[in-house]
Amino acid sequence: MDKIKEFREFREKMNKRILETGDINTKRFFSLDSAVYREGILDSKTKELLGLVASMVLRCDDCVTYHVLQCKSLGVTRAEFMEAFNIALVVGGSIVIPHFRRAVALLDELEGED
Amino acid sequence: MDKIKEFREFREKMNKRILETGDINTKRFFSLDSAVYREGILDSKTKELLGLVASMVLRCDDCVTYHVLQCKSLGVTRAEFMEAFNIALVVGGSIVIPHFRRAVALLDELEGED
Amino acid sequence: MDKIKEFREFREKMNKRILETGDINTKRFFSLDSAVYREGILDSKTKELLGLVASMVLRCDDCVTYHVLQCKSLGVTRAEFMEAFNIALVVGGSIVIPHFRRAVALLDELEGED
Amino acid sequence: MDKIKEFREFREKMNKRILETGDINTKRFFSLDSAVYREGILDSKTKELLGLVASMVLRCDDCVTYHVLQCKSLGVTRAEFMEAFNIALVVGGSIVIPHFRRAVALLDELEGED
Amino acid sequence: MDKIKEFREFREKMNKRILETGDINTKRFFSLDSAVYREGILDSKTKELLGLVASMVLRCDDCVTYHVLQCKSLGVTRAEFMEAFNIALVVGGSIVIPHFRRAVALLDELEGED
Amino acid sequence: MDKIKEFREFREKMNKRILETGDINTKRFFSLDSAVYREGILDSKTKELLGLVASMVLRCDDCVTYHVLQCKSLGVTRAEFMEAFNIALVVGGSIVIPHFRRAVALLDELEGED
């Protein structure tokens, strides 16, 4: 669990520093970045899956980690993850695979925890 | 409707030419590209929304057009589209906006048809 | 001037439609997208040049067109544009060239107008 | 042939304008952009194929058009093109398909000319 | 050699986990990802170089590592690598340089082994 | 300071190896990559900020680190950095955030040094 803990701590610490040293526009972006995933006409689970697949095709590891954790906490199952990852793989191509590997390693770690 | 008709005709014609002149691996990719959106553990609507948001953050206009048409035929409402587009906008940034404009123009056109 | 006029009209019309049919988060993004370019510690001209080079390396033609128009209205000279484009070219590589061509065609058109 | 002619004319005209209005660094980039494709330890055909696949996964239509024309003039066959495109397709994913369609349309046009 | 060994082991272990927990479409993508590099009308060496340059301009370190290892095992020489990297550099720009550095470090390590 | 020192040493060592083992075109690219940031019609500070924002939207960590160090040595203040980062954030979207975090961590480290 150390890598997940480290990810969370660095993320939290640096988001705090960004908001402390940034200006009002920085704060507005961060606030908006939370708002778009909130339960709405589309439910949170669908929205987090959208964020996950978008992060994966754009190959942002920290974003993938974050949305995997969010999806997991909303009850996304392994089979659902794999179908979403397949879409990312076909849309984004084989360059998605290294991120796919790390996402599955994270899921294995999270499930080992349960 | 002419632009949508033109899009569909060129797409269909050239997919046919690609499959005629490509080899077995080309065919396998195209077949897989259909397969990952089929109803599964995740329903087709969710999968098409995943394809749409992935296409939008990767800024592929033809892909956005295709998935908007698919989503519309599966009953995705304007409000659902807008929430999905907001996620694409926040994840992918303002460079997504030109594609957002064209997607809304397409939705306006499709709704004008009804 | 027809292409520039057409660009401006479609942009204005569709931004209006996006804001009419989007929700509060859409509006917040659009408002933020204006705010970050406003005169601040860095002046508007520098900020528009930053937006221009970012748009060019991300190869977003509509964004390049928009920021070229903004920069021109703030007095950016041809020599300044060319130095900024050189940075985009070196950072983003030869795939930037087609956008470079269209940006110079736009500058030629704008200067022909004067 | 009109679209190919138009592509070549705009490309030539704007490259001339870029070199006229740019500075020494602009010229150096353009000169380097020719130099790397010249016959060397790797032959020109291999180098043009590398340029083609790189352009395709980066989804630069003008670059794809240019390298298809270069490859064709160096004797690349349809079967060779299709194998190269398959690699672009698998590496870059389904977002490559719209560019694949336009490349095959161009090849069809070029072969119709012969 | 430890980093290369670690790369290979993680890659192999996680590919196995992906195929165990993924569905038929996952398997089809992975199988296709091997198939497109097989000797065909274009030889394997050319195909691996195409995969290498595509990976480099898309800036996927794990993909670059993989294709460097493949190319090396197919007899690609340092001078051939450098010409291929120059194309990646010019097409993809200076953002390719960090990956260029790591690729040359890997080549140095592999040659130190011989 | 260890991470910054390590970054600089690896960068310097590998640039040397690239130039030793590359050909004339490699050298020309590296020389051009320095030239475009030199004081010209636009001052060096503006040019380094352009390089920084371009690197951030393209999400190249090593490039961001390099341009942050350059900007800092040219007197860019924290408030100026934050306004430039806000533009990168809005243009490039939330996928820029992990790079934003690392850039602020670097700034914190550099300021701790003073």
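Should a chain be cited, it is by its letter among A, B, C, D, E and F, assigned in written order, with residues numbered from 1 in that chain.
Going forward, contacts are C-beta pairs under 8 Å (C-beta built on N, C-alpha and C of every residue); 3 or more make two chains touch, one makes a residue touch a chain.
Chain-to-protein mapping (UniProt): A, B, C, D, E, F = Alkylhydroperoxidase.
Predicted model, so just to flag it, every value in this text is computed and none were measured.
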Neighbouring chains shared between chain B and chain D, ordered by label: A, C, E, F
Distance in touch steps, counted as few as possible, from chain D out to chain F: 1
Between the pairs A-C and A-B, the one where more C-beta pairs touch: A-B
Farthest-lying chain, centroid of Cα atoms versus that of chain A: D
Taking each chain's C-alpha mean as its centre, the one farthest from chain F: B
Copies chain A and chain F touch via same or different residues, half shared test: different
Centre distance in Å when chain B and chain E are each reduced to the mean of their C-alpha atoms: 31
Whole-Å gap between the CA centroids of chain C and chain D: 26
Where chain A and chain D are represented by their mean Cα positions, the distance between them in whole Å: 36
Sequence positions of chain C contacting 2 or more other chains: 23, 25, 29, 32-33, 36, 40, 55, 57-58, 63, 79, 83, 86, 89-92, 94-95
Chain contact graph, described as a line, ring, star, complete graph or other shape: complete
Touching residues (chain side chain E, partner chain B) in the complex: 23, 25, 28-29, 32, 35-36, 40
In the complex with chain B, residue positions of chain D that touch it: 59, 78-79, 82-83, 85-86, 89-90, 94-95, 97-98, 100-102, 104-105, 108
Chain A residues within the chain F interface of the complex: 10-11, 14-15, 17-18, 21-23, 25-26, 29, 33, 55, 58, 60-63
Complex contact set, residues of chain B against chain F: 57, 89-96
Complex interface listing, chain E residues touching chain D: 32-33, 36-37, 40-42, 46-47, 49-51, 53-55, 57-58, 63, 77, 79-80, 83-84, 86-92
